[in-house]
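These are the structures in question, set out in turn.
Each of the next two complexes has chain A plus one more chain, namely chain B in the first and chain C in the second.
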Partner chain A sequence: MANVTMRVWRGDGDGGEFESFTLEQNEGEVVLDLIHRIQATEAPDLACRWNCKAGKCGSCSAEINGKPRLMCMTRMDSLPEGPVTVTPMKAFPIIRDLVTDVSFNYVQAAKVPAFLPPPMPEGGYRMFQEDVERGQEFRKCIECFLCQDVCHVIRDHEDNKPHYAGPRFFIRYAELEMHPLDQNDRRDLIREEMGLGYCNITKCCTEVCPEHIKITDNAIIPLKERIVDAHYDPVAWLGRKIRRKPKTSATDAVVQPAP
Partner chain B sequence: MTALESATKVQLGGVRGGPDETTLRQDRWWIQPVVTVSILTAFVIYSTWAAFQNKYYYVGANVHRDLVSPFYSPCLARSCVAGSKIGFALGWWTWSPALIILIVPLGFRLTCYYYRRSYYRAFWWSPPSCAVADAHGSYSGETRFPLIMQNAHRYFFFLGLILNVLLSYDAIRAFRQPGLGWGVTVGTVVLVTNATLLWLYSLSCHSCRHLCGGQVRSFREHPLRYRFWKFVTPLNAKHMNFAWASLIFVALTDVYVRLVASGALTDYKIF
Partner chain C sequence: MADSSYEHHEYDVVIIGAGGAGLRAAIEAKRRGMKVALVTKSLLGKAHTVMAEGGIAAAMGNVQSEDNWMVHFRDTMRGGKYLNNYRMAELHAKESPDRVQELEQWGALFDRTKDGKILQRDFGGHRYARLAHVGDRTGLELIRTLQQKVVSMGVDVFMECKVLKLVHDDEGRVAGCVGYWRATGEFVTFQAKAVVLATGGIGRSWKFTTNSWESTGDGHAMALWAGAKLIDMECVQFHPTGMVWPLSVRGLLVTEAVRGDGGVLRNSLGERFMFNYVAPMFRDETADSEEEADKWYDDHDAGRRPPELLPRDEVARAINTEVKAGRGTPHGGVYLDIATRRTPEFIRRRLPSMYHQFMELASVDITREAMEIGPTCHYMMGGVQVDADSEATAVPGLFAAGEVAGGMHGANRLGGNSLSDLVVFGRRAGLGAADYVEAGHAPSTFNQVAADAAIKEALAPLERADGENPYDIQRDLQEMMQTNVGIIRNAAELETATKLLDEFTERVKKVSVKGGRAYNPGWNLATDLPSMISVSKCVTLGATMRKESRGGHTREDFPNPDPELAKVNMAQSSPGGNWDSAVEVVETPILVLPADLKALLEETK
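Then we have the complex of A and B:
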């Protein structure tokens, strides 16, 4: 058992400052344990989101010593000696203390054109294992929004938010684009309205993902390559002309499938 | 405004939490950009110097060897030394022959997804590291000229494959010892290693992975492309390693050939 100093950001939309708490740290504890101890002892009004404490609900996202991480999955003994700094996610507006308004992400989620399967064939839909496996990785996302938080496109440039979906939604787009039954073509939408071109593949989203999803390599870059197919590859353009395959526009992707 | 329009309108503004500082990271995040800048700058300085030298790039029959530097292969100018030519020459080219072909590896690496990550971080500080503030006030990413040209990566990949075939041919030629027969020298090992690393770098490329099978919606309907994709996917996971190894080794190969060609070093025969 040892004592540790926690520097926790306290404040709201009117401003804030660090408040230091020195408290006991037990073996095997995670940052969220210490935050709970602060709530239980010195600051019962300290606001933080949490739910499962098992790294599966994505609620306790924060920045620990400046790095976006889940508080419940960050062991205290993995941090260097000295005061531990805990701040709210920087990319989103603060509500209070460690709680931020992540509604930007729900707005982007509502923009994703839905899965659009073909009419049900006789015997039902069939999907094979190799195609199932491809999208499986993306379904591990717990929507902690750490990837959105660390992405400098919106973290450092608020003005990009209206035209940039962010890494969490690029994996959703990739999952749908790689689905063998999906009929929607979202490539123009991803390029023109979701701002994939803003991503400069610095891979920070992959670095912070608690589910270890290879966001950049398996979702963003494959989407970028698909957009090259559709817009920047003259050979692919010629192929489309020869096969008389019409090119879609950004508004062609169906937002909600017909009932 | 419809319900969907109102649900999909981004509200800007709001006060961010935390102090207004560049970063709160306490680890040595700056090491990676410093290492990247050091290696890439050293490579650019050396390769520029080597490309303009226009000498000591071929070790020929006079010392019973057939070694050509990867910076000068294929040697396409009329001024190329005897033995290093490939049977085709651009008569009008008067500068160093290295300048003709170096545009291909330069373009391939400059547009490579891994190098983009590295130099955007290290040179452009956009951002210098994760959760460290971007050094620029505004940002448009790769949506405008000139960075929109990064989308030409797959064409440099195709040209790079042609270059790899020619460098593999050079590596096979390095087994030849004019006047003595065939054998293996240190130079042979160097050229074979160089060609192998360049193949691994090319085959692990993200564009290669996409073109092999990544672009299909259903693997089930494209079993052959699925096999290609399955083959290159593990290589793709090591793309960073191959990028650095091949970059450093191609420079070392040029250094080796240059030293042997200038007489400063003897190319020892292994067997």
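Then we have the complex of A and C:
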């Protein structure tokens, strides 16, 4: 098949430049196939992360023609004619070539107060499909960190990182908050230390999510509502707490052992 | 104690590998108050466990109350063609329900039955609907749950740190290991009272595989070099349904849940050919007409199971035969059809990642068209021989759990039994290691000379000027193993493979890589090649010695099972202890089944 030119950013924390590779492109190939072919031939030291090559592990995040995407799920034939530019994620420090230091995300993960369920009754917890589905949407997250990369609160303002968890962790907090069994209350933490207020819901994160999680609509906005209610209006908060059917029903189920 | 000029750490328990087994071992050892290090080649949460799709097998009986551990045990042993370590199969069947429920205590959200229990789905070789699942992304749920638990417990995690070799003390105990940080290429030594191997599989040595770059058999090889025994290395599982087109995704997994949820296999003539491949041992419980099989999907009491849900070895061989007989698809597979059998809504809800995978990578809409699939290298049944209860190996202080351990699955693993294996035996390895440490065992010394030698060997490819590109060697090895040690084997091809592996050994000794040590994939691959060669030799040797067909091991020249060989494992060891040392194989008797468990196998219903 036809040849294609790949412009790949190469360098490290001290700087770098684009290197062009012209190589064969076959039917059905994705960007990662071309990167692998470059590694196997011209540049065995070209650094990139990948694992599953099936869109399930979230390792091969990069910016393709300037857009944050998974290299393994970006078909070459979906890109416009002409050279394809591949650069590392911009929001994180560069280790080498396409590999960035994503430890910021692991630091944030360590700050999340753990899931706290009631003791498990004999026969296991009872939860209903409609109640687990909200959390299941967020648990589809493959931790590719593309949402973190595209979020301008982090991308354009490095100094925000210490006090801003970012979209990936807002869906984690939303998942815990909506979990039918969880008893931990993280709302003050989310408001005061995780910087939810910095998000001005531009939905960039939702647009780049390869799992099509509705990060803004289904996680961030409901989380903002809950926190605002909790903070400014204790009566409304109490009302919501009582009306929160899923948690109430699951808690009921917990005290009744399975038959 | 150690005299290391490298970054050095001291721990009670070092766990190598952070997939399901490693994470679960870390939780258990940490709970016991151990100082634990978890060392992984990749980032945390990216291990191959995320690729598991269909579910985790546990006889909870939430969908069919007839299910219990005894039936699960029987199914596992029959699926494994009785080569299993029966005690592992027993512990696994008894403990997996608790391990699944424990995941919910840590935040997992499985799909539910109407009355709010964990939903279970049908899978090949399991008599009852037994797989707890989350759509078709169960592995992701498992790894994320365990990862979040490990992080909340404060386990020390060493990410993107590749372990090269285990290190002993003067008395032959394991004393730790040596490795390097991928980001910088700087070396690091770990001194440990106990080491748990949880490094997963070896599938990267074949051309068409579901496995990622990580599955290079590091743990299998390091255990062999350290003096442990490997068993059943000839038993490699080729999953029946991998993608075959486009070439760039050839081998990529298509979950068995497609068949569990109603999908059927057809050849190019449109025949549901699996009815022609029902082995005698499965005839009593398998439908003999399409009509009967189709009734079963709606009501499990109205008919017997469809033959598409036979164990994986049976289905993979059948597909292979159909294609060889000229009844394959244009791209050399067969058709997997769910489009004509289920509604688009059902397919998208039950199999969302399969839908996206085919839509985005192959431009095939599986709600409208059949998939083209064929066998792909998927799983290693063989591995380090362990004590079933503690996961201790023959080397004091060394434990192994998950895919790197052998015995649990015998000659063939049932789908869904892998995720449960990880949590059942991951936990037990954590307990085993903690018991060992608490009993006061500790290495007397850390053999720095051996660590230095491993480092020197790892650096050699960088210092060689004009050797061979490691990627060329890897590609040729994958091609060679696919051709000569694939799904169907014979003496001539195995002999060829044996000869060629000696040539590969010499090629690896001359490999050279350009660039520096900082995040250099070429160098990283060069340090993986010794493991890949070692395990490829073991698979070839085991396959040569086992002159019969059993489970994942099929010999064209010995097409039937040999009852005498059902009594032995091919146990391999390497007295030399280096990656290029000779490997010896000895037939060793498998554990004899106690009468009460034997009776379970003989029950037909």
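One rule holds for everything that comes next: the second predicted complex is superposed on the first by the 226 of 259 C-alpha atoms of A that agree within 3 Å, B and C clash if a C-alpha of one lies under 4 Å from a C-alpha of the other, contacts with A are read in each partner's own complex, and residues count from 1 in each chain.
What we mean here is this: a residue touches a chain if its C-beta (ideal position, glycine included) is under 8 Å from a C-beta of that chain, and two chains touch if they have at least 3 such contacts.
As the structure is a computational prediction, the values presented were derived from the model and not from experiment.
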Here chain A is shared; do chain B and chain C fit on it together or clash?
fit
Determine, under the contact definition given at the top, whether A:Glu207 touches first (chain B), second (chain C), both, or neither.
first
Identify the partner contact of A:Val4: answer first if only chain B is touched, second if only chain C is, both if each is, neither if none is.
neither
Is it chain B or chain C that touches the larger share of residues in chain A?
B
So, does A:Glu158 touch the first partner chain B, the second partner chain C, both, or neither?
first
So, A:His179: does it touch chain B (first), chain C (second), both, or neither?
both
So, does A:Lys67 touch the first partner chain B, the second partner chain C, both, or neither?
first
Where does A:Ala47 make contact in the superposed view: on chain B (first), on chain C (second), on both, or on neither?
second
Figure out whether A:Phe128 sits in contact with chain B (first) or chain C (second), or with both, or with neither.
both
Have a look at where A:Leu23 lands relative to chain B and chain C in the superposition and call it first, second, both or neither.
neither
Once both structures are superposed, the least CA distance from chain B to chain C in Å comes to 7
Shared chain A contacts, counted only where both chain B and chain C touch the same residue
12, 97, 101, 110, 128, 179, 182
Contact footprint of chain A on chain B as seen in their complex:
4, 7-19, 23-27, 113, 116-117, 120-121, 126-127, 130-131, 133-134, 138-143, 147-148, 151-154, 206-207, 210, 214-215, 217-221, 226, 236-237
Note which residues of chain A are touching chain B in the complex, please.
9, 11-16, 18, 63, 65-68, 80, 82, 85, 87-94, 97-98, 100-101, 103-104, 107-108, 110-111, 128, 130-131, 134, 150, 152-153, 155-162, 177-180, 182, 195, 197-204, 207-208, 216-217, 221-222, 224-229, 231-233, 255
Counting only contacts in the complex, chain C reaches chain A at residues 42-48, 50-51, 60, 101, 104-107, 109-112, 115-118, 134-135, 137, 139-141, 144, 148-149, 151-152, 157, 159, 183, 212-214, 245-249, 252-253, 353, 356-357, 360-363, 469-472, 475, 513-516, 518-523, 525
Taking the touch rule as given, give the residues of chain A at its contact with chain C in the complex, in rising order.
12, 26-30, 33, 39-41, 44-59, 73, 75, 95-97, 99, 101-102, 106, 109-110, 112, 114-115, 117, 120, 123-129, 132, 135-136, 139-143, 176, 179, 181-182, 253, 258
